[in-house]
Amino acid sequence: MVKQYSLEEGVLLKVEDLVVKFYTYAGVVHAVSGVSFYVKEGETIALVGETGCGKTVTTRAITRLIESPGRIESGVALFRRRDGSIVDLLRVDEDVLRKIRGDEIAYVFQDPTSALDPLYTIGFHIYETMKAHRPAITKKVAFKKAIELLRQVLIPSPETRVKNYPHEMSGGMRQRSVIAISLSNLPRLLIADEPTTNLDVTIQAQILDLLKRLQVENKIGMILITHNLGIVAENADRVYIMYAGKIVEEGVTEQIFYNPQHPYTKLLLRAVPDPTKRVEKLEAIPGTIPSLIDPPPGCKFHPRCPFATEKCTREEPPFFNVEPQHRAACWLLERR
Amino acid sequence: MGMGSFLARRVLTFIPTLIGVLLITYLIAYAIPADPVRAWVGEKLMNPQTLEQIKIKYKFNAPWYEQFSFLVHQLLTGELEDPVRHRNVFTEITSRFGVTVEVAIIGFIFLVAIGMPLGLLAAIFKDTPLDFAVRIMALVGSSLPSFVLYYFLILLLFVYTRTTYLAGIPEPTLACRTYVSSLPEFIPVLGHVASALGNVPMFAAMMCGELSVVGETFKRLYLPGLALGLLNGGFIARIVRNSLLDAFSAEFILYGKARGLRRISLWKHAFKNALVPLITVLGLNLGGLLSGAIIAETVFNIPGIGRYMYEAIMRLNFPVIIACTFLVAIVYVTINLVVDILYAVVDPRIRY
Amino acid sequence: MEMLYKALKRAIWLYASFRERLSPGWITKNSSRIKEWELMAYAYSKSPIGVVGGAIVFIMFILAVIGPFIAWEPYWEYKIVTLGEEYRYRAPCLPPGCSGEPILGTDEWGRDLLAMSLYGIRISFVISIVVVLLGAPLGIILGLLAGYKGGVVDEVIMRVTDVFLAFPGLVLAIAFASVLPQRIRGFLESNSIARAFFAALFGLRETEYGQIAALLSIWFAMVLVWWPGYTRVVRGSVLSVREMPFIEAAKLAGLSTWRILIKHILPNVISPVIVMMTFDIATATLFAAALSFLGLGPQEPVPELGFLISKAGQFFPERSAHVVLYLGALLLIMALGWNLLGDALRDILDPRTRRAIEYRLEKEKKR
């Protein structure tokens, strides 16, 4: 009996209760402890959080790109394919998954230098990404398309650049190349891990505009991983704040920025310097992220939380609804 | 950038290296020996007149720059003469050198045949007893003196088959040899290359289609070849294993997976990247193979340059030692040049 | 290997208290370094390969030191003269089946093989260690200079290195070793202090100074062949280290070039070099034996291992198989000891494997 899945209208990806653990010599790392989110066609969601909070692991786990000693323990990742069928990415066959990767779900890896094979040209990378999903394509056609893609991501003289090796390009160009590669098959879902960190602010803006345009034209969904709240404000429709492997707050962008509820979110927003104000000291969040090997009981944030209560040290808070589409996991919301 | 400029630059460094090689050869030939005349002439007694003639001819009393240019001239024109036996050293060498190259090549074949599959297996079965066994093999192989292994293998052969030593090396027919040496006349550049390669009996036979000679050569030389392969095979296997594992765990492999590439494509990426350090190591090992061949010749009675050098050492025949050293250096440098070029073909980062 | 770990820890603390007495406060300043050493000692004691290798090296060291003193037969007496021809290449006489004769047989001159090998171990050990201890620092210093200074200095040093590397090692060593004995022999003839020193070093008699000259030629030739490898490796490491911010900081602080090289760059490039040196001692042992095998080393009556094997080759395999097998095995064990040690050291000096062991240690402590 083939399992039938269902997704709400317009929803492209729905992840529920994702749990990922890493079995290392130092102990079991609870990288992702029950994360749920969804992405609609044409919308951009942002995954925000400090380094090490599990953002990258979450997005890699969706298409089972986790390698030993990591293990996807449980969870569901429902995805609506181009042909309308709905599959659970965590359970679907390996060869079906391979067809989805790169074609329907595309990644932009965080470090473009190590993502590219130094022995092959950029053009070749694009060509093989296309050929893996459209076996009939010829090198000529593919390279033409590659030049077009490089032009779209604003790489100057794309005709020469397409024959360049990764080490012959600057870091910014490499980053744009990786974006071009991800767009080569016009995916349904784009997972972009810090796609613009190495770029000039102007180019950054142009690239994000480009992505937005493509999104609108082709109804591409996007998961944007970043810790740059400015980009989040400009480009994301909805935001998920992650901490220590869990989502602590989620909501529509305006709600998060104008009505943050979780102490972590509040501190994050306060840490962003306001260029119009004069301050003595930059705000930072004291302390560091907890060890994910022997996580402390209770709320994961309580050691750094200025509002922590006694209950916070004992029990993990569930989600409390704040407004429609806006909820946060904090005991402080219990009273309301 | 690209291959062109890289080639040009690489060939240019050949020249100072060549000069350096000549200088060192000069150092060995003239500067270091306490009594160079005696060294060149050997321990034989000689009447004072001949001694004087030799002194003048080889410029032993002249200032160093005259000696140097004399030596360079002799070496580059290939006219170094054995003062005692009055024979041109270089003709003796070139015929024997080909034999040594044969031994090294067969050793290389065994090395690759043993090392690569073992390395692949060790990578696939990482951290299993097989992996450990390969590690031990590498350690023992690099701890065993080569000549001891040679004798040991001979002992086994003797115990089981009672064969006595073979002598000589299978050679192609005279007709073949004349044909090969005449090649430079009707094909300009390639002809010279082919003729030079033809000094290796095996290659000459292959060029004439006399494949039986090739078979005979293998039968004669498989024992030292096998030994060379066993000695270094473990080490090569370790390198193969490590570079394969490194290549497979690279981020771009994961990225390839994320792009939906098939397994075969991923393997292509991994293997090509693993090839890079492998070429380096194999290239470095070639020198070791040449040296190993030299020792093997003395044990297996093979008429190559190693045996020639050995006899020269025994009889203190100096010009031979000098000429051999020089020639081996030149060949070695050329091989390294070829390896570097191969390296640049595979890895575009090198072309800078 | 708890005992080994405890012993090593004791040694570390002895050294630490010694340094403390020289300059008080040393222990607190270097506490993290001491901890690293303890971790390395622990990792070493847990590695079977390392412990076996270390044991072999230690035993060989002892044998090398006391060998010539406890050898029961002097190497300069040709036994067949006194005992007769049948003593040439006598087969091994192993208990319990046989007794009263040399256990491992005799060599060409009727000498007890076991006794001769004691001399041989001393010679091989001394040559291999001294070659590396001289060749490596030479190469390291040149590599440091070339990598750090760059420019003309770099070019010159690298050209010279390339020229030396243009010759396959054995060939170059053969060439040098065949011309040097004349000079060195002359030197030893005139200089009695040198004669006495080197004779004592190799466990030989002064009258064999001609053979000692041959030994020294091999040694000298090997040093010349050995240093370029280190220069290349060190230079490569220095090139990557010198761009690091802390080097720039040291330069800005006004430290002299030497100080920067020794105190900051060297410690960061030294780990692979130490491993390389350990492996090289094994290689040098075999290399020296090979040179002797080819006839470039000491001749009669010096019982150099490679030389004895080459002589045995003439009667192989009918009469002298035992010589080749036994002495070959001896060389194998000597080299294997250093190779095992080097292999273990390579893993120990890799900080990543050390971290894994550190975590395990911490967990065990908690229990």
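Remarks
All chains are identified by letter, namely A, B and C, in their written order; residue positions are counted from 1 within each chain.
Criterion: contacts are C-beta pairs under 8 Å (C-beta built on N, C-alpha and C of every residue); 3 or more make two chains touch, one makes a residue touch a chain.
Just so it is clear, the structure is predicted and the values come from calculations on it, not from any experiment.
Chain contacts in this assembly form a complete graph, since each chain touches every other chain. Ranking B-C and A-C by contacting C-beta pairs places B-C first.
Annotation: 55 Å between the Cα-based centres of chain A and chain C.
Chain C has its Cα centroid 26 Å from the Cα centroid of chain B. Put simply, chain A touches chain C in their complex at residues 25-27. Interface of chain A with chain B (complex): residues 60, 63, 65, 67, 98-103, 106-107, 109, 111, 114-120, 128-129, 132-133, 165, 167-168, 181. Residues 1, 250-252, 254-262, 265, 269, 272-273, 276, 346-349 of chain B touch chain A in their complex.
On the side of chain B, the complex with chain C involves touching residues 13, 16-17, 20-21, 23-24, 28-29, 32-35, 38-39, 135, 139-140, 142-148, 151-152, 154-155, 158-159, 287-288, 290-291, 294-295, 298-299, 309-310, 313-314, 316, 318, 321-322, 324-325, 328-329, 332-333, 336.
Interface of chain C with chain A (complex): residues 356, 359-360, 363.
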